[in-house]
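What follows is chain A paired twice: with chain B in the first complex and chain C in the second.
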Partner chain A sequence: MVQSKKQKYLFLAFCLIPTFIMFSIFTLYPLFSGLYYSFFEWSGSSESKEFIGISNYIQLFNDEIIPMTIIHDYFLVATKVLGIMVLALFFAVALTQLKIKEAPFYRIVFFFPNIMSVVVIGILWTFIYNPSLGLVNSGLQFMGLEDWARPWLGSEDWALPSLVLPSIWAGIGLFMLMLMGGIANVSKSYYEAAEIDGANEWQQFWKVTLPLVWPQIKISILYIVITTLNGSFIIVQIMTGGGPNNSTHVMGSYLYEQAFVQYNFGYGATIGVMILIFSLVTVLILQFIMRRERVEY
Partner chain B sequence: MLILVVGCSSDEEASSDGDNSEIANDGKVNGELEIQYFVGGYGDSWWKEVIADFKEEYPDVTITEHAGPNINEEMRSRWVSGDPPDVVYIDGAGSSETQMVEDGQLMNLTEWVKDVEVDGTPITESFIVDPAKYDGEIYSLPLVFDTWGTWYDEAWFEAEGYEVPTDFESFMSTMGDIQEGEDIAPFVTTGQHPYYFLRGMLYPAFGAAGGDQLLEDVITGKEGAWTSEPVLEVMKKVEKMQKEGYIDEGFGALNHTQSQMNFLLHKNAFIPVGFWLPNEMEKDKPEDFTYGFIPSPMQDAGEPFAVVPDLRPLAIAEEADNPEAAKAFVDFVFTKEYATLFSEHTGAIMNINGVDLSQNENVSDYLIEANAMINDPEQVKIYQKPHPMSAELETPISNALVSLMLGNITAEEFTQQAEEAAAEYRNSK
Partner chain C sequence: MGRAGIRIPLVLWSLAVLYPIIWMFIGSFKSNGEIYANPWGWPESLNMGNFVTAWTEYNIDTSVFNSLIVTVVGALLTLVLAIPTAYAIERLRFRGSQFLFTLYVSAMMIPMVLGWIPLFFLLARFNMLDNIYGLAIVYAVSQLPFTIFVLTSFMSTIPKSLEESAAMDGLSPYGVLLKIITPLSMSGIITVTIMNAIQFWNEYFMALIFLQTEENYTLALAIDFISSEAQYTNAWGTLFASLTIAIVPVIILYAIFQQRIAKGMTEGAIKG
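Moving on, here comes the complex of A and B:
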C-alpha cells in the first residue's frame, strides 16, 4: 500500500514538474520580470537602466491617456460580449433546434473567421472600411445612403465603434460552436415536458435552453473579457494604430507605443502590470456577478 | 499576456566574448563582421552589391548580414544584451539614432572621421549635409540623403492642364482646381504615421518661415517655439487646407501604403513622401503614371522652396566585436562610385556631393530633375535640422496634428497642445 502511494506521488511529480518548469519559464519569469522592470527608467534598447522606485506608477496615475484607454477597453468588452453572445446564441439555437437543411454549411461559414489570423482580419476590414475604395461606403452609396458614408477609421468619433464589428464577426463562430455543444446536451425530454405543459418556443428558450447552457455562456463571457482586455491591441494596432489622436488606444496598444515606439520600456512594463490587475479584478467581479447554482431539472 | 511581452527581455551581462576582438585589435581587417541594415523602400540590392565588393577587397573578413523590414525589432535583444552587430544602418520603424546616442550604444567617431577620405578628399568636405552632432560629437555618418517633398502625377497634370505649384498660394489654387475638376480631396497623407506630414510638410514650412534656428527650436522643444508667430502662421496654412476640404477626410485611418495607393489611383493628387516612394510602389504604379516631385510648397510667394534633408546614417556600435573591420566597411562605402550605384538601385541620393547623375541613363527622370532642383539655390534653399526629433516629443505633436487636420481643433489650439507636449518633454529630460 505504501509502495503504491509512493509510486502515485512519483507519477504525479513526473507529470507536474516539467509542466511547472515550463510554466515558470514562460509565465512566472516574464511576469515577475515585467514587475521588476516597472520600477526602472529604461529605454528597452540598451543595457543601461535606472531604478526610479514607484515613479512609473505615479506617472501612470497622472497620465491623461490611461483613463481613455481603460474606457476604450471596457467599451470593447461590453460591445463584444453583448454582440457575440446574442448572435452566437441566436445562431446556435437556430442551427440546433430549427430543422435547417443547410445547418452544416452555415456552421462552416460562421466558424470560418476563427481560422483566420487576427492580422488578416484587421487588414481585410481596413479595406472594407476604406473611405474611398471600401465596401461599406460603396454599399451605402449604392443604397442611396451616401449621407451615411464617412471615414470610419479616420474619424475620432467613429473609429472605436468601427473596431467592434470585425471583432464580433471574428468571434461568433467559436462561441456558437461552444453553445451548440451545450444545447445538444440538453435532454429532449425537457422540451417534450415543457411542450406538454403548454410552453411555446420562446418560453422553452427562456426556461429550458438558457438555464441549462448557462455554464457555457459563463465560460464564453469570461473568455471574451479576458481575450479582449489582453488581445484587443492586435486589431487596434493593425486597423488604426491607436489613432486618430489616441481615439482608439486600448491599454495594450498604449503599452506597445510606450515600450516600442517611445522607448519608455519601464513605463510600458508598468502599464503591463496595470493590465494584469485590471484583468484579474474584472474576472473576479464577473465570477461574483455570474455565480449561480447549477440548474438541474 | 501583455505583461509577458514586456517581461520577456533579458538584462544579462554582455556576451561579447567572441574571438574577433582579439583578432581585430591587431589592426588587421579580418575576422567576422556583422552588419545590420533595414530593408524598406530602398530595397537591398545596393547593400548586396557593396557587401560582395567588400568581401572581394577583404577576403579575410566573414560578413554576417542582419537585414529585413523588421530587423530593428529582431535585433533589439542583441543591443539590449550588449552584443550588438558591428555596423548598423539606422533607418526604419523601431530605430532611433537619438535614442541610440542617448543610450551610449554608438561609437564616438569624431576623431576617426577626420582621417577618412572619399576618393582622395576628406569625407568631412564631401558630405552634402554634415553629420548630426550631439554636444559637438559625431556618432554616425549620414549615408542616405533623402528629402521629403510633395509628389504628383506629371502626366496627369499635363493632360488635365493643372499647374504645378511653386509656393503655398499656387498650391492652394491648384488644389482648388483639382477639387473642382476631379471631385476629389486633392491632398492625402497617412494618419497612422502623422510624422509623414510633420517631416514632409511642416519641417520645410518651418525652415522657410524661420530658418535653421526655428527648426532646431521646434525639434528640441525649446520653450515658446511651438507657440511662436512663425509656427502659428504655418499652422494657419494647414488649417486653411483643412477648411477648404483639400485634405482627404479619411486620411486618419490610412497607413502609408494605403495613402500611397490612393495617390497612385488618382483618388488624391498630392502626397508628401521621401524619395523612396517610386521604389516602394514600383509594382503598383499604373502604366501611364509619371512621378513628379517638388519640395513641399509651403513657403510664401517669391521665396525659394525649402528642403530639409532627412539623413539615414551608418554607425558603428560602441561595443562592436570587430571595430577595425567595421571602420574599414564604413570607409569602403563612402565613394562616388557607390553613391552613383545607390541612385541607380534605389532612386534616392547618397549624401556625397559632386556625383553627376544628369547623364546617367540608369537613374529615373524624377531623380535627375529633383537633384538639379535641389542643387539650384535660386529654386531651393536647404535647411538643416540638428538631429531627428525624439519620439517622446514627436508622438504627442503628431496626435495633435491629426486633430488639426481633421478639423477638430484650431491652429491656436494645436500650437498650445504642442507647447504643452514640449514642456513635458523638457521636464522628462
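Moving on, here comes the complex of A and C:
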C-alpha cells in the first residue's frame, strides 16, 4: 500500500478537524464560558458586564428558592425512577416470560409516547388536568368522586406530583424495551434449573430474572436520573412555568427564568454550574451505591 | 398464576397511552362549543375548520416549513460531521483516538443548559440568533456525540478486509470512506438519522431561547404560542388540530421504521 505519512495525516485531519471545531465552538466553548460567566453580574448588554468574583455563589447560597428547586428536582428523580422502573419491569417480564400473543401490539403502543414531542405531551396533559374540561376531573366526577376534583396544576400542593404522571407516561416504553433486551439474553436453562429446584414464578423473578438483568436496571436508573436532572425543566416550563408560587420550579426552569426572563445572565450561569455539579455528583454516588458483583451462575 | 390477571394491567396501560392521543385527534374535529358541552364525546360532524384556522390564522404553515428546514438541514449536517469522525475513531489508529471518543461520549451526560447562555450570545455575535439555519447548526452539533457513538459501534461490525482490498485496488482513503464505508454503514446511518430527525422535529427549548420572531417559529414554538393563546381565547379545537399536525409525521415515520427507532433508541440510551 503506497501511502505517505503526510497523506495519512491529511486524511486524519480531514476526518477529525471540522467536526472537532464545530464541537468546540458550539459545545465545549459554551460550557466553559458558562463557568466563566458565573463570576460576572451581567444583564446582557456589553457595558453591563461586571466581574464580581464569587458574589453570585454567595447569592446562590442565600437564595430561598434554590433549596426548593433542588428538592423538586430530586422529588421528580425519585418518583420517576420508582414509577418507571416498577412498571417497566412488570411490563417487560409480562411481555417476555408469559406467552402473550398480542405482545408486539403492547410493545409498539407503549413505546409510542417516547417519540412524541415534549411540547405535545406537556400541552396534552395540561388539558387532561384542565379543571373544567379535563379528563381527570370529569373522570372523577363520573366515578362519583367529585370531592377529589381539584385544579391540579393550579394547586401548590398538587402541581408538582401532577408533573410526574406525564413523565412516567412518556418514559415507560423505552425502559421496558431496554429491560426486555436484558431478559431476552438470559439463558432459558436458568429457569429450567430453577423450576427443577421447585422455585415458583415469583421466586424465579427474584432469584433469576432480577439479578441477571441488573446491568440493564442499573443503566436505566442512571439514565432516568441524568435525563431528569438535565431536562426536567422542559416539562415544567411547558406545563406550569414554575408556578403556582414557585411550587414547581426546578433548577433548570429557575435558570431559564433568571437568565432569559429576568436577564440575570451571570446568576443564571451560576445556577447552571450548580446543575452541572449536582448531576455529576449524583451520578458518581449512584454508581458507587449500585456497584454490585456481577452475578454468575 | 392466572394469565388473565396479567392482561388487565397491559390493557389498562394501552388505554392510558392511546386514549389521550385519540381524544386529541377527535378534539381536533370539534368546535369549541362541542368541546365545552361534551369534552369526552364524538364530534357532530367531521369539521376541518380547526385545521384551516391553525394553518392560515396561526401560521402553522410557516412553522411546518421552518421545522422541515431545521430537521433536514440539521440531520444532514450531523451526518457530514459525524461519519468521517466515527470512521477515523473506529478504524484509523492514532494517538488520542480513545480520548477523543471519551470526550464526545461524555458530552452526552453533561447538562447543556449551562452552555445555552453563552451559546445565546455566541449566536448573536455570528448573526445567527433568530435564524433557523443557526438553530439547525446548534441542533446538528448537539446530536454529534450520540451519532458518533452509534456510528462507531455500527462501523466496528464492517469487515476490515473490504476496505483493505479496496485500498489495494488503488482507492484513496477518501474513496474508501465515501464508496465503501458509507454505503456499508447505510443501515446504521438511516437508523440514527431517523432518530435525529425526530429529535429536531420535536425540540422545544433551544428553539424557545434562540428564536424570537413569529415567522421563524418552529412547530413546537407555534403550538406553545397557540396553547398560551387558548388560555384566553379558548381556541382548544385549533390547539388540538395543531398538535395533530405536529405528531402525524412522527406517527408515519414510526409506522414505517418502528423496529429501527426502538432499536436505535435503546442502543443510544445505553451510555454512561
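Some points to look at:
To be clear about the criterion, the second predicted complex is superposed on the first by the 267 of 297 C-alpha atoms of A that agree within 3 Å, B and C clash if a C-alpha of one lies under 4 Å from a C-alpha of the other, contacts with A are read in each partner's own complex, and residues count from 1 in each chain.
Methods note: a residue touches a chain if its C-beta (ideal position, glycine included) is under 8 Å from a C-beta of that chain, and two chains touch if they have at least 3 such contacts.
Here the structure is a predicted model, which is why all the values come from computation and not from measurement.
When both complexes are superposed on chain A, chain B and chain C end up clashing with one another. Once the two complexes are overlaid on the shared chain, A:Gly252 sits against chain B and chain C alike. Of the two partner chains placed by the overlay, chain B and chain C both lie in contact with A:Gly272. Of the two partner chains, chain C is the only one that A:Met178 touches; chain B does not reach it. By the touch criterion defined above, A:Phe51 reaches neither chain B nor chain C. Looking at the shared chain after the overlay, A:Cys15 reaches chain C, while chain B stays out of its contact range.
More residues of chain A are in touch with C than with the other of chain B and chain C. Of the two partner chains placed by superposition, A:Trp148 touches none, neither chain B nor chain C. By the touch criterion defined above, A:Pro244 lies against chain B but remains apart from chain C after alignment on the C-alpha atoms of chain A.
After overlaying the two complexes on the shared chain, residue contacts for A:Val261 are found with chain B alone; chain C is out of touch. Of the two partner chains placed by the overlay, neither chain B nor chain C lies in contact with A:Phe61. Residues 26-27, 29-31, 33-35, 37, 44, 126, 133, 230-231, 233, 252, 255, 259-260, 265, 268-269, 272-273, 275-276 of chain A lie in contact with chain B in one complex and with chain C in the other. On chain B, the positions that touch chain A within their shared complex are 1-9, 11, 14, 73, 76, 79-82, 94, 96, 99-100, 102-105, 191-194, 248-255, 258, 262, 265, 267, 391-392, 395, 399-400, 402-403, 406, 408. The touching residues of chain A, when paired with chain B in their complex, are 26-27, 29-37, 43-49, 126, 129-133, 151-156, 159, 230-231, 233, 239-241, 243-246, 251-252, 255, 257, 259-265, 268-269, 271-273, 275-276. Considering their complex, residues 1, 3, 7-8, 11-12, 14-16, 18-20, 22-23, 25-27, 29-31, 33-35, 37, 44, 87, 90-91, 94-95, 98, 100, 105-120, 123-128, 133-135, 138, 169, 172, 174, 177-178, 181, 201, 219-220, 222-223, 226, 229-231, 233-234, 237-238, 252, 255-256, 259-260, 265, 268-269, 272-273, 275-276, 279, 283 of chain A touch chain C. For chain C in complex with chain A, the touching residues are 1, 3, 6-7, 9-10, 13-14, 16-21, 23-24, 35-36, 39-40, 81-82, 84-85, 87-88, 92, 94, 100, 104, 107, 109-122, 137-138, 140-142, 144, 167-168, 173-174, 177, 198, 201-205, 208-209, 220, 223-224, 227, 236, 239, 243, 246-247, 250, 253-254, 258, 261-262, 265-266, 269-272.
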